[in-house]
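Just below sit the structures, each encoded as structure tokens.
There are two complexes below, and they share chain A, which is joined by chain B in the first and by chain C in the second.
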Partner chain A sequence: MSIELGHFALVLAFAISVVSAVGGLTLWRRGERLSAVLGQAAVLQFVLVALAFLAVVHAFVVSDFSLALAANHSHSLKPLIFKISGVWGNHEGSMLLWVLILVLFGALVAAFGRSLPSDLSNLVLGTQSLLTAAFSGFTLFTSNPFVRLSPAPLEGGDLNPVLQDIGLAIHPPLLYAGYVGFSICFSFAIAALVSGRIDQAWARWVRPWTMLSWTFLTLGIAMGSYWAYYELGWGGWWFWDPVENASFMPWLAGTALLHSALVMEKRNALKIWTIFLAIITFSLSLLGTFLVRSGILTSVHTFASDPTRGLVILTILALLIGGAFLLFAIRSPALRQGGLFAPISREGALILNNLFLATAVGAVLVGTLYPLLLDALTGTTISVGAPFFNFTFGALMAPLLLVLPFGPLLAWKRADLVAAGQRLMGFAALAIFLAILISALAGNSISLVPIGLLLGFWVSFGAVAEVIERSRLGRIPLAESLRRLAGLSRSIWSTAIGHLGLGLTVLGIVSVSAWETELVTTLNPGESAELAGSNIAFDSFEQSEGANYLADAGRFTVTAPDGGTAELVAERRTYVASGMPTTEAAIQTYGLSQLYLQLGEPLDDTHVVRVWHKPYILLIWLGTLVMAVAGVLSLTDRRIRLGAPQSRQKLSLGATR
Partner chain B sequence: MPRLADKRLGPMIFWSIAIAVTAIACAALFYAAAGRTVNAPAGEIADENQLFRETLAAIEADEQSGKLDAEQALAARAELAREVLRSQRTSSTNVSKPLTRTPLVAGLVAVAALTFGAYTFLGRPELPAQPLASRPEVAAQTLDLGGAVTRIEARLAETPEDLRGWQVIAPAYIELGRFADAAEAYRRIIELTGPTAELRTDLAEALLLQAAGDGSEEAMDLLRAAAAGDAAHIRSRLYLAAEYMRLENYEQAGTYWQQAIDLAKGDEAWLPAARQGLLVAKNGGAEIPVAEDQSELIMRMVGGLADRLYSDGGTIEEWTQLVRSYLVLGDQESAQQAYDAAVEAFPAAFDRGDLDGLALGAGLTLNGD
Partner chain C sequence: MTMPANVRRRGMTRKQKRLVVIGGLAVVIAIATALVLTALRDQIVFFYAPSDVVAREVAPGQPIRLGGLVKDGSWMRDGQENVFVITDGGQEIVAHYVGILPDLFREGQGVVAEGSLGTDGRFEATNVLAKHDENYIPKEVVEALKAQGEWRPEAAGQ
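Right, the complex of A and B next:
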């Protein structure tokens, strides 16, 4: 009965969301009493969807194969963690998770939003309910996770083996929390457009949600990238695959939104642009989730491609996104523009940032959708591969990274670029010196390598520069500097740490792209090979049996240049229920570098072995973690921080001094 | 009949809970509206200037801690003042009229109607949950048959009326060689449901197994009753024919063989054996033991499949079937040979999921070493 009660709970949540959406969007002027009802409805939606979700999880855990979803995607022998994560390792279940996170955010707005003006609150909760109604309706009527089987089969069909990994327990929930979090920004944007109420209070509300979603999305993408790296067995960490791009576009747009919301909160400027970005970001999030589901793209992420489903989801997307932009077109001219500022100012720098990020989104969007459109319209299949993205994206990011360190050093409203430049001079020199030194030592001539290194170091040092500058380190007694450091607001720390993380990621990318080495060879047990100073000895080959798979396992001993040895096991598994093979690469970490070893197909009398040495690859993900820490730090800082404008007299005074 | 009661009670309990949940949700929404009416106006006004006050406090705090100098603080205050003035000019908290009871109740009615409408369309309220661990057919199938039987026995001791339990445990007893207990279980089932040809045959089978080849008068009575009661019942006739063969009553045996053959559709596995039996009976008992004959038949079939696969090749399913047949016949060596040949034909482990699982389970040597 638990399954049917879960089903009923989901239907009830759907009904409540439909009525809240209609009520919230038509009666939004009806004040506090309606807000109370909508708030309660948001909390109820969350409780009910959570019950529905728990019912499905329970059915998976006890292997109740009368639930078609469990029969198709679970197996009684699967370890418990994969029984649970298997709930969202398929289309229907992942839709349910999506809706769960959507209503969770709705409930959070209701809980923390008691101080919002009632009209804004009504519209936000109404829009949020509209989204819930659309997606829970889609789930119930086209992808129902509660479809039953009678008689129930005795055993399930098992989960795609590639997904039987701890990554499935982490990556989708984080990514969805990121995608769905932007729905709050979207709802606020719609509310601002409908009510015409757009002020600093609005921005103060939107920014933490943006920050929260952005942090989750950053972690989700990083986790997905690391998962693909160790599980798919190709040793690559980013493929410019349409599905990856689909998650990367909302991240870029969200990063832009983060910065423009900052300007709006502190300076009450860039209002219309911020609203536009909020709509764009969530639209791209929807595209990210559903481009993958519509069956247009095929990849690990495509679960069940059913043309009807794809059509329904595209219709929903078209209505939501199209409706939002129509509203924007009609209402935005009536909104009041924000405050004025000089081109060279913190605001100006942030606009530059937005400009580059928005163009990058455009480039990725074109690269992702153009082949699809071309295929649909003319039947010609072209492949827009990594070279296109590397070139366009690199060309757009290089100038952005170049000007990034200036931003935080500029004053609000009007600033002195020369003064900022003088303060950064030392760090620029250090970055140039390091870039040249390292390239020379590694034997790289003038190429993209030193330029990439230069940008990475420059961004990292520039991030630290602001903190050092404010603490006046070296210019006043150390104790005094430390006291100043401790007294810096968390928002300043979060800016510095966030930019530092970006610098680290850039350094990791440059280093792996420039100095990665690869070895493909055939080995038999007893033989050995050399790569990047390490000796790789193939000790033995054996067959073993896991809980639900058979494995061909190769044991290797790797002797590092410093003499340390490590025992590595690389496997090729065949999952019994599905008969599908997977590759389990062996990865050995040395500091920030990794040795990546993959056991290939067995030949007649030998084995193909692929080994990569990936110098400083962990910097890529370390950088994203640092960025996420910055996001969390910024979230904990809820004090009002007004960007105090620089007065004109003082600026001219500073310039002549 | 506890099972029957379950079937009727399940949906009733379900609908009671469903109605209760809906009622609670609607009540929560209804009272949420009522709860906020008292101090609403105060809250509405307080909101308007709260942010400005907080901002002013933040500017003052920053000025005192030295983050802003006097000039910057002054500029910030001036900006804030302009913002307050602008906000007062445009502010018209546009609450037209508070939410009345009519749209609220209409909304709640819509919620209830939509919920029950959609659920009736989508749901299966009559289907109970069926977690794997508590499904009797699984309990009987698991490798630890003895343990499962003990569990069911314990349950049956408490609820001796549980027909399902008896139905599961009876074949399990046979499997375990506890024929006397199996006979008792079948007697119990017959008591609970009344005799049918099938049940009488089951009981007779248990009795014959218990007698270990010595025959049983009671079993013969039961089989005769089953055959007489159901003119289309084959299994009882086969047993009768075999028993009469053992008793060397070839006339009766021939009659039942003939009846069974007449009832057959033509593709049954026992049909060749029955025809053989009929021949023997007509010959007045030229001894050809039936069991041996059957295994010879299997050997011939397997031989045919093997010939074809080894010379012309075949699908991986056919190879798997061949290996399985050898394993059933207990011919480990031929099974290994067939497995090796299959591996040669399908070198990619990817193609051989089932076969490798089977081979591993039967202790064959897997490819590669």
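Right, the complex of A and C next:
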């Protein structure tokens, strides 16, 4: 019964979204009264989709296998957390989650956007409803999660064991919150184009939403990367897999959008470009959804899928993106440019940031789509792998990282590059010294390693330099400096912390790429091996039993170079319901470095182990967490409270405090 | 892209300045395009079935992806050394891989191996990809098998 209610709720939400979309986009000039109706409709859509979602969750939790989705993807023996996360561990359920987050963002705009001008609010909610209509319609008509089975099977088919992990509970919701959150920026861009209201206030409304989505997307990608690292047993943390690229491109474009919206908010410049980026960012999110959900890619994320769905998503994609760009082409020439500035200025630096990020998006896009196009046009199957992306992406990021520390130290409008250079000189020298020292100690000659290290240190120190510079540490009495430090606005802290996080991630990437060591060997209980100064002793091999799987477990004792020992258990699991095997690697953390141990399938009582030593690998994810902290910090800045614009005068008062 | 750079300063007119900025942008984009094209020429990896490898006389040492079915009864293991035969029904190629094969690597199932041919004609795999779940066979493998008339969906478990 609850299934039918859920189904009905989703149908109702679809109907309301169609009415809201048509109403909002045609009658947007009607003002306040329409805003009230659209706001209520947005909240109602959220409530209804949430009910639909809960109905499916309930069926999974109580193992109601009369629901086809639960029968195919759940199992009564699964732990509760995996029963819940299993809801979105399949095509239909993940589309439902997508729609849920879409309407959640719509409801948030309705709740926090009361101070928006009514015409803008009407258009934003109308566009958001249009998206909801498209995707809830897609879910209902091609991927209905509410299909019943009769007779109901006694037991479910179980979830892919690779997905039976806490990662499934965290990664997709975070990633979708990021992906789908950019829909708000898209809706704002459409609203701006239709209404012609494109000014600094617009940028101030859009930026918090961009920041929120960007923060979620950052965490979602990082979580996905860490999950793939520990669960897939390949020992890698990024594969330039098309699906990873599909989430990375909106991230790059979103990062560019954050920075260009800053220029628009502060200086009323780069308007057309910002609108363009807002459209592009969400278009890339949609492209990602298409690539992942249509089944045209070979990936962990590909659920066995029906090709007609791909065609429907492609059509929706073409209409939405095509429509948006058509509108852009017609309306953007009418926009007036403002805010003059010299090439050497904060604006100039942010343009450079956008230029490199946008070009990087282009390079990743080409690498991702080229094999698909070639296959479709000529039938030749190729793969564009890591070497392509490392080469092009690396070459584009290096200059960006090189100029990054200058940006925050340049003044708006017209800046003195020499002065900024002088302030950074000490930090540059320190970064060069450290890069050379570490490379020399590690025995690396002139190669990409010292350059990578240099960039990582440079970006990190540059972030610190900005804070030190603004507090005038060392040049005025310490107490005065601390007072200045405490008085710095959160947006300055958030810039510095965000850039510091990027620097840390770069350092982690360089370290792992340069100094990772690996060992593949035959090892039997009682024997031991050496890697990176650690002794790995294979103690015993035994069988154990989990909630819904049987495991062959290898127990190891690892003695670190400093004499500390740790017990590691690496498993090979066979899941009872599906009979599918998975590998659970054992990971031991030493500070920021990790030892990663994988056990092979036994053959006549001989075992193969593969061990990696990954120096400072945790910096990669630590850096992304720091970036996310910067995002949250920026959201708490009183100047950009969600949707609450303030007058220019109040703004400047807030800045000086 | 519209980049306003129209501030008047000594020496340069507004027009000249704009030209400088646009010129700079064009240079960066041109360099990026050159990078992408060079990388596309040098770094792409072709996917071949065993029959393609034979027909095209793929040179030893050239990185390729080799896809097909793992021939029944061909998988031999000695510690971390694995030798198996990849077949598409037409031709067969012996592959060698050091390490731990993926969980779903099975005889009679689809596989994609990355690596290159050795001078002795044996395929040295640096990476082996198998399916992610029971019902899934890499699309490239399905097409290669179809081309050889070896595609039997019911036998492959789909």
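The working rule: the second predicted complex is superposed on the first by the 638 of 657 C-alpha atoms of A that agree within 3 Å, B and C clash if a C-alpha of one lies under 4 Å from a C-alpha of the other, contacts with A are read in each partner's own complex, and residues count from 1 in each chain.
As a convention for this text, a contact is a pair of C-beta atoms (placed from the backbone, for glycine too) under 8 Å apart; a residue touches a chain by one contact, two chains touch by 3 or more.
From a predicted model like this one, the values you see are computed outputs, not experimental measurements.
Within the superposed three-chain model, A:Gly385 lies in touch with chain C and out of touch with chain B [touch as defined at top].
Between chain B and chain C, it is B that contacts the larger number of residues in chain A. Contacts of A:Arg414 after superposition: chain C is touched, whereas chain B is not reached.
In the superposed model, A:Leu175 lies in contact with neither chain B nor chain C. Once chain A of one complex is fitted onto chain A of the other, the partner contacts of A:Asp119 are limited to chain B, with no touch recorded for chain C. By the touch criterion defined above, A:Trp273 reaches chain C but does not reach chain B. In the superposed model, A:Ser578 makes contact with both chain B and chain C. Residues 339, 572, 578, 580-581 of chain A are contacted both by chain B in one complex and by chain C in the other. For chain C in complex with chain A, the touching residues are 1-7, 9, 17, 20-21, 25, 28-29, 32, 35-36, 39-40, 43-47, 65, 77, 79-80, 98-101, 103-104, 114, 132-136, 138-140, 143, 158. Note for the complex: chain A touches chain B at residues 1-5, 7-9, 11-12, 14-16, 18-19, 22-23, 27, 29-37, 39-41, 44, 48, 59, 62-66, 76, 115-119, 140-141, 144, 146, 148, 150, 152, 154, 195, 199-201, 204, 268, 339, 487, 489, 541-543, 545, 550, 552, 572, 574-581, 602, 639-642, 644-647, 649-650. Here chain B touches chain A in the complex through residues 10, 13-14, 17-18, 21-22, 25, 28-29, 32-33, 35-37, 40, 43-44, 47-48, 50-51, 54-55, 57-59, 62, 65, 67-68, 71-73, 75-76, 79-80, 83, 87, 93-99, 103-104, 107-108, 110-112, 114-115, 118-119, 122-125, 127-133, 135, 137-138, 141, 349-354, 356-357, 360, 366, 368-369, going by the rule given at the top. Of all residues in chain A, only 160, 162, 233, 269-270, 272-273, 276, 296, 298-300, 302, 304, 337, 339-343, 351, 355-356, 358-359, 362-363, 366-367, 370-371, 380-385, 387-388, 391-392, 395-396, 414, 520-522, 572, 578, 580-583, 598-601, 603, 606, 608, 610 touch chain C in the complex they form.
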